[in-house]
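Look at the two complexes coming up: chain A is in both, with chain B in one and chain C in the other.
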Partner chain A sequence: MENNLTAAPIVKKTLIGQRVRKPDAPEKATGKTRYINDMVLPQMLIGKVLFAGRAHARIIRIDTSAAEKLPGVYAVLTGKDAAGLKFGFVRDNVALKDQVRCEHDEIAAVAAETEEIARRALLLIEVEYEDLPGVFTPEAGALVGAPLVHQNFPGNKSLSFEFKHGDLAAAEALSDYVVDNVFRPHHVTHCCMGTSCAIADFDHNGKLTIWTQTQYPYNYKMDLAPALGISPGDIRVIQPPVGGAFGSKLDVYPYEPIAALLAKKTGRPVKVIYSREEEFKAAPTRQAAIIHMRTGCTRDGTLTFRSADVLLDNGAYTSWGPTIPVIMMRTTSGHYRVPVVDFKAQAIYTNNPYAGSFRGYGNVQTTYATAQQMDMLADLVDIEPLEFHLKNAQKSGEVTPQKSFLRECVLAECLETAAKASDYSRKRKEYAALRDLPGRYKKGIGLASSIHNAGGAKIHKSDGIGTILKVDDFARVTVITGASEIGQGIDAVITLIVAEELGVPLEHVTIVNNDSDIAPWDVGVHASRTTFIAGNGTRRAARKAKEQILNAAAKMLDEPAGTLELRGGSVVRDNCGTPLIELDRLLRRMHFQAEPELVMVSDYYEPKSEPEGAKHISDHSAAYSHAVHIAEITVDTLTGEIKVDKVTVAQDVGRVINRMGLEGQIEGGIAIGLGYALSENMRIEKGMLTNPCFRDYKLITAPEMPPLDLHFIESNCAEGPYGAKGVSELPTIVIAPAIANALYNATGVRIFNPPMSPEAVARAIDETRQAGGRRESE
Partner chain B sequence: MMSVETEIRFKLNGREVALMVPVTMNTLSMLRDKLGMTGTKYACGEGECGACTIRIDGKTVNSCLMYAVDCDGRELVTIEGLRTPEGLHPVQQAFVDHGAVQCGFCMPGMIMQADYLVENNPNLTREEAQRGLEGNLCRCTGYTKVLDAVEAVVEAKKCCGRC
Partner chain C sequence: MNEIEQYLAPRRLDEALQAMANGDATVLCGGTDLAPQTESGARQYTAKLLNIRRIDGLGGIAAETDQVRIGAVTTISEIRCHPALAEIAPVLVEAAEHFASEQIRNAASLGGNLCNASPAGDMIPPLLVLGASVELACWRGGAVQTRLIPLERFFVSPGKTVKLPEELLTAVVFDRPAADFVGKFRKSGPRPALEISTVSLALGARIADGLLSNVRVAMGSVAPTPLRARHVEAALEGKPLDAASIAAAVAATAEDAKPIDDVRASAWYRSHLVRVFLEEVLNDVRGN
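Let's turn to the complex of A and B:
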C-alpha cells in the first residue's frame, strides 16, 4: 500500500462513547474462564478453618492431637502458630486467635488431602471456652466499665475523626429551620457470587506466591507481610478472575495468611475456600453506624450548617469499615453548599462482625441522612424540593469547606434533567394530594442526589498507576498495567483507549494485569478511580508509543512530522486519511533497520490531587461528580411492601468512554443500592449472625429490578481521560434516599433505620395512623 | 469412613460418561470435582442462587440439590455443552453483545436458565423473563442487560425461526 495514492482514505471514527464488549465475556459466557474458585494445582491441599462460633470468650484449652493423627491431614495450626504476627490498620488482628472476640474468629486451621478429610479433622479439634460478657452496640461499648474487646484499646475506642468549619453557634442562630434526626444504617454484606478463596505456595527461597481475589495487589503485599512475618518483597500476588469484589477485597482477611501459614508448614500449595455460610459469617460487612445529623436553613431556603455526630460499630477488628468517616465528612461538608460544618466520628469496638470497604464507602450511609434532610427542610420551608436543591447546588469552580475543588460541576443540570425526564414536580404534588385519601396502594416520587470523588482519592501516599505498553512486529499491542479487573470492565476501557489511540482493532489488544511480578504499581480498584487513573495511564502510554511510531514513519516516508496519524491499522495523512503504510509493516521496518528500534514504552501517572492529610483539608481527588436519582414507587400500605416502578438517573460522568460498560456499572450499582434500601439486612443477635443464607438474606432479583431511565451528563473533566470521571459508586449511594423520599411522598412516613423492609414500613404506617396523621417515625 | 460409591452412566453434553461416585455426592460436585467441568458454579449449595443451573432431560435444575447418583441414565447439558462447533450459542452471543457479563460468575447458570426460557416460550416477554430468572442471583449487573439479551434472542428467533 506504501505510496499507493489510489488507496481509499481512512476516515477518522472515534471509539469514545461507543459500545464496546468486554473482552473476557465470551470465555465467561461459555464457562471457560478459570476463576480462582475453579483452580486446582498439582499437590494442592485443602485448608479449612475452625471458627469460634461464639462472640466473646477465653480459650481455656485446645487439643488438636486427634485431628493431627487423622490420615490425610498434613497440618493443624492454632493461635500459637500466628502469635505476634499482628496485622491490620491498627495491628489488632492475627490470622489465628488465642482469644475470641467475634463469632467468626479463626481458632484453628487444617490442611488435608481433601475437603472431606479437612472437615472431619475440624470436628476432632477439642476446644474449651470460657464465655465472657460482650458488647454488641457501639453505645454499650462506649459505656464506662464496659467489657473490653481488646485490652490495649481502653474505652473500646478505635479510630476517631473530626472536621469543623465555621461558627456553628452563629449558624444555628441564623437558621429559621433545623432538622435533627438519628439514622441507624445497618449491617449488610457484599455477597460476591464467588466466595472468598486464596491459594498459597512457598518456593525454596521462602518466596510466597499467593493466588487471591484481591483488588489492590501492591498495598496487599504490605498488608499481608506482617501477618506472616516475611518481607513484602517476598510476596508475589497473582489475581485470577474473581466472582465479584465490590470493595470486599480491599484488605487482607485472615483466610489469606491462614492459607500461607498452612502452605509454609506443609511445603505444598494450600487452597482455602469458603462455603456460602462461611462467606456470610466471615467476609466483611458494610459499616453499621449511628448518625446524629442536623441541618439548618434560613426562611428563604439557604443552607446554614450541617453537623454530624457519628458512632461507628467497629466490630472486633479494624479493617476499612471504621475509616469511612473520611468520605462521610466530605459528604457532610460538600453535599450542596454548606457554609458551616461540624463533623465528628468515633468508632467503638464491639463483639460484632467487622466491616470492610464496600462500594459507596461511607457515602451510602451519609447520603441516606443528608438527602432525606434536604427533603425535610424543603418541606419546612415549603418550597419545591427541586427548587431548594437548585438554590443550594454548587457551581463549577466552587470549593467545599474541606477544599474539594469542584472544577467541573453540573449538579444543577443533573437535577433539572432528572426532574424534567420524570415529570417530578407535577407527580410529587399529585401524589402528596392523594396521600391522606383512602386507598391501599399509594404512589410516591422522591428525589435524592449526592457527591462523590470521581478521580481517585489520595488516601495513600500515591494514587498513581504504572503502565508498560509494547507493540510487536505484527502490530499486536500488550498493555501491562497495575489496574485490576474484578468484573467492572476496565479491560474494555483499556482496550478501547488503545484502539482509539493506535488505530488497531480491539481484538489486537492484550492486557496483562494480574501478576505483581510483572505489572507495575497501582493503588487498586477503589474510590471510583480505575477508569480515571488507568484510563489516563493507558492513554499516556499509548500516546508515547504513537509518537515514536509516527516519528519513525515520518522519517522513513519522508513526510513532514506532525502530519501523520494512525488509523485503521495504517499510518495515514491526518488531513485526508490517505493510507501510507500498514502499521505492522512499518513496525517490522523499524525493528529490522540499520538502527533498530522496538516500540515499548512505560508511563507513570500520578493524578493532580492532594494527600488527604490528618486535618482532612485537601483537594483529595482529581475530580468530583454528582448524581441525581428520582425514584417512583408504589407502596402497599397494608403489607408495607415497596415496589420500585422506575428510577430516573442523571449523573455527571465527565465523558462517556465505553457506553455499555458505563450503563452496566450504573445498573449494577443501583441493584446493590436497592438491596440495601429494601431487603438486605444481617440480623446479628448478641454478635451471632442469624441469617447466613440467601433464603433469609434477600438480594434483589430480576423481577424487582425497575426500569431505569439513564441520562449521562458530560461535564468534560479537564484532568480525566477524554474528559471522563469515575462513575461506579454513586449509583449505589443515591438510590436508597430517593426511595425514602418517595416513601414519604406516598405515605408521610420516614424510615431512619434502613432497610425499608415491609415490616418496618407497615409498622411506621400503623404508628402514624394511630398518632392521627403524618409523623416522622423512627 | 469414606462414603459408599456406586457406578453411574449418563450422557454429558452429548457424550457417554461412566464413573464411580459417592452416594452422598451432589451433581455439582461430581461435575466440578470428579469431571473437571468447572463451568458450572457453586455459590450457595442450597438451591438459592442458580449459579449451578444445568439441564437434565431438557429441564433446568439446581445441580447442587441433586444427588449425582440420580443422573444415572439421564441426559445432562452444562454451560460447556451449549457452545456449538461454529462458535457461541445464540444466547451466549447475545449476553456478550449486550454487555450482560461483568464478573461472569453467575452467568453459566443464568445463561442455562435463559436458554431454557427462550426455548420453551417463543413469545417470552420481558416480565416473563424476569420471573423465569428470579432464581438466578447476580450481584454485578442489575439484570437489565441480561433481560436486554434475552429479549434480543426472542426477537431474533421470531425473525428467522431457526436459531
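Let's turn to the complex of A and C:
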C-alpha cells in the first residue's frame, strides 16, 4: 500500500484516559497464573522455620541432633549459622537468632525433602528457654530501668526525628482555639493473599538466584547481601507473579536469607513458604503509634500552628516502620496552610512484632489525627466546615514549611467537588441536629482530606528508572524496565503508553521486568511513584524509538521530516492520516537495507526532585496531590455497628491514564482503609498475637464495600507522564478519618484508638450516655 | 502428629457404626470445622477417617408429620432453602440465613454444627427454642442402638457433648410447633457476612390472648455452652408482652448470661448485646 493515496486515512485515537484491562487479567481470572507460591524447581527442598513462640527469652540450650538424623532432612541451621550476619536499617537483625526478642523470632530452620518431613524435624528440635521480662508498649520501653530489647540500644531508643518551623509559643498565644488529643493508631497487617515465599539457589560460582516477592529488586540486593555475607553483585533477583505486596515486600525479611542459607548449605534450591498463621505472625505490620497532636486557629478560622509528639512502637527490629516520621512530619502540616509546625517522633524498641512499610506509609496514622482535628476546630469556630477547609487550603505555587513545592494544587477544587456531589454541608447540619433526639439508627457524614507525594519520594540518592525498548521485524515491542509489577497495574500503563506512542495494538507489547540480571535499575514500587516514574521512562523510550522510525521512514519515502506519525500499525501523514507504509514492513526494510538499523533504545529517567538529606526536608517528590473523601454512614447506636452507605471521592490524579486501573487502585485502597477504620486489628497481648487467622482478624469483604462516587480532578502535572500524578496511597489514607468524622456527626463520639469496631463504638456511646450527655472532644 | 491410616466412606449406617465401634474413628461431614481444627493443631486425626456423607438415609428433611426430622448430614443450605421449614420453623431458616457464606453453607452440616459444640454454633439457639432432641446411634450387641437426648442436655463444655466416641448423631427431631408459636433469631458480629457470632439469641413462645406461654429463650456465646435463659423465660412466662415485661426480661439477662472476655469481644459487650437483642426481638414480636 506504499504511496497508495486512496487508502482510507487513519484517524488519531488517543488511549490516554481509556479503560484498558491488565494484560495478565485473563490468566489470573482463569487460574493459569503460576505465582511464586506455585513454583517447583527440580531438586527443590522445602525450608521451614522454627519460631520462638515467646516474646523475650534467652536460649539456654538448643539441640538439633534428632532433627538432623530424620531421613529426608538435608540441613538444620540455628543462630550460630547466621552469627554476625547482621542486616536491616540499623543492622539490628539476623536471619536466625541466638536470643528471642519477639514471638516470631526465627530460632532454627530446616531443609527437607517434603514439607511434612520439615514439619516433623521442627518438632524434634529441643530448645530450652529462659523467659525474660519484656516491654510491650513504647511507654514501658521508655521508662528508666526498663528491660532492654537490644543491649546496644540504651533506653530502647531506636530512630528519632524532629522538625520545627516558626515560633510555637507566639502561635499559641495567637490562637483562640486549640484542640489537643492523643490518638493511638493500631497494628494491622497487609494480608496479602499470596503468603510470603522465597526460593533460593546457588550456582557453582557462588552466585545466588533468589525468586522472591520483593517490590524493590535492586536495592534489595544491597540489603540482602550482608545477611548472607556475600556481595550484592552475586545476587540475581527474579520476581515471579505475586499475590499482593502493599509495602510488605519493601525490605528484606528473615525468611529470605534463611532460604538462601539453607540453599547454600544443601547445594539445592530451597523454598520457604509461610502458612497463613505464620504469615500473620511473621509479616511486618503497619506502624502503631501514639500521637499527641495539638492544632490551633484564630476566631476567624485561620490555622495558627500544629504540634505533634509521636511515640512509635518500634517492635523488636527496625525495618521501614519506625521511619514513617519522614512522611508524618510532612503530612502533619503539609496539607492545609499551617504556618508553625513542631514535630517530634521517637521510636522505642519493644518485644512486639515489628513494622514495615504499608500503603499510606505514616500518612494513614497522621491523617487519622489531622483530619479529625480539622473537624473539631470547624465546630469550635462555628464556621461552615467546608468554608473552614477552603479558607486554609493551599493553592498552586505555595511551598510548605517542609519544602514541598505544590506546583499544581487543586485541593480547593477537590473539596468543592466532593462537597457538592454529596450535599455535604446540608447533611452535616441536618444529622447533627438529629443526633441527640431519640432513635436507634443515626446517620452521619464526614469529610477528610490529605496530601501525599505523587511523583515518587527521593529517600535514596536517586529516584530514577532505566528502560530499554526494542521493536522487532514484526513491529512487536518489548519493554525491558525496572518497574516491578506487584498487581498494581504498571503493566497496563506501560502497554498503553507504548501503544499510544508507537501506534501498535496493545497486545503487541511485551514487558520484561522481573529479572535483575536483565532489566535496568529502578528504586521499586513505593511512594505512589511507578506510573509517574516508569510512565515517564516508557514514554521517553518510546519517543526515542519513534523518532528513529520516523526519520528512517521520511528518508525512505522521501517525505519531509517532521510530517509523519505512527498510527494504527502504519506510518501516516500526520495532518491527514493517510497511511504510507505498514510499520512492520518499514522495520524490515530498515533492518535489511544496505545500512541496516535495528530499533532498540534505552533511557534513564531521573525525576526533578531533591534528595531528602539527613533532616528529610526538601522538595522530595516530583509532584504532590490531594484527595478528599466524604463518607456517609448509618450507626446502630445499640450494637455500635457502622454501615458505610456511600463514599464520595475527589482526587487530584493529574491526568487519567488507564481509567480502569485508576478505579481499581482507588477501590482497593479504600477497601484497605475501611478495614483499618472498622475491623482490622492485630490483637497483641504481651507480645503474642492472639488472632492470627482470618476468622478473628477481619478484613472488609465484598458485601461491606460501599458504593463509591469517584471524581477524578485533572490538574495536569507538568512533570508527570501526559500530566498524570501517582494515585495509589491517598485512598487508603483518607477514608478512616472521614468515617471518624461521620461517626461524630451521627453520634457525638470519637474513637481515638481505632479501629472503630462495633464494640468500641457501642462502649463509647454507652459511656457518653452514662455520663449524661455528649462527650466533648478530649 | 497422628496419621490417618484408613479412609472410609460407607453407604450404610450399620457399616459406619461398626467402623466406629471401638471409638477410634474421626467423623468427617462437611469438614468446615474439622479441617481448620486439625490444620491449626487444635485437634488431631485418629487412625480412621470416616466420611458419613454417603450414608443412605442420613440426610433429608421430613416436615410433613407432627414431628419434624432433619438428617444429620443435611446442609445449612438445604435448611435455608426448604419451603416447608420456612413455614413451620422460620426461626431455624433465619439462623441458616445468617450462617457463614454460600460456599460454607453448601458444605456445613447440621450434625456437624451440633457435634462441634461451639458456644457460637448458630443452629443451636433456634433448635433449643424449638425444644429439639438429637438422635444418637451406635453399634452394640450386634445391632444398631439409638437413643434420644434433649438438645439442652447434649452440651457439656466447648467442644464437648454427652455423645460417646462410638456414637453417631443421626438426626435432629422436634415437635411441629403450634400454630400460635412465634420464633425469632438474632446474631451479631462486626461484619455482615462470614461472621462467627459474638453473641446469638433465639426466642420461641406461644402467644394466645395477648399472653406469652411456653416461653423459651436461648443464647449463644455467653457461657461455655449455648444455654436456655431460665430467668428471662420466667420473667416472660404468662405475661402480656408490654414495656414492663420486656424491661423485666432484659434485666433478667444478667442472671443467665455469664460471658467472658476473649479475642472476639469483651464480657461487657456480650452482656450489652444480649440485652439489645432480647429487647429487639421482643419488640419485634410485640410489633406484629
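Things to note:
One rule holds for everything that comes next: the second predicted complex is superposed on the first by the 775 of 778 C-alpha atoms of A that agree within 3 Å, B and C clash if a C-alpha of one lies under 4 Å from a C-alpha of the other, contacts with A are read in each partner's own complex, and residues count from 1 in each chain.
To be clear about the criterion, contacts are C-beta pairs under 8 Å (C-beta built on N, C-alpha and C of every residue); 3 or more make two chains touch, one makes a residue touch a chain.
Note that this is a predicted model, so its numbers are computed, not measured.
Touch criterion met: A:D38 reaches chain B, while chain C stays clear of it.
Annotation for chain A, partner touching more residues between chain B and chain C: B.
Of the two partner chains placed by the overlay, only chain C lies in contact with A:D766; chain B stays clear of it. Legend: residue contacts after superposition of the two complexes on their common chain; A:S679 is shown touching chain C, with no touch to chain B. In the superposition on chain A, A:R120 makes contact with both chain B and chain C. With both structures placed on the common chain, the touch criterion links A:T701 to chain B and to chain C.
Legend: residue contacts after superposition of the two complexes on their common chain; A:T690 is shown touching chain C, with no touch to chain B. Within the superposed three-chain model, A:R21 lies in touch with chain B and out of touch with chain C [touch as defined at top].
Once the two complexes are laid over each other on the shared chain, residue contacts for A:A29 go to chain B alone; chain C is not touched.
When the two complexes are superposed on chain A, the residues of chain A that touch both chain B and chain C are 120, 693, 695, 700-703.
Those residues of chain C whose C-beta lies close enough to touch chain A in the complex are 1, 36, 40, 188, 190-194, 196, 198, 263-266, 268-269, 272-273, 276, 280.
Looking at the complex, you find that chain A touches chain C at residues 119-120, 123, 277, 638-639, 641, 678-679, 683, 690-691, 693, 695-696, 698, 700-704, 757-759, 762-763, 766. Across the complex, chain A is touched by residues 1-2, 32, 37-46, 48-49, 51, 78-80, 82-83, 88, 92-93, 95-99, 101-108, 111, 127, 129-131, 133-147 of chain B. On the side of chain A, the complex with chain B involves touching residues 19, 21-22, 24-26, 28-35, 37-38, 116, 120, 190-195, 241-246, 275-276, 486-489, 660-661, 663-664, 667-672, 693-695, 699-703, 705, 708.
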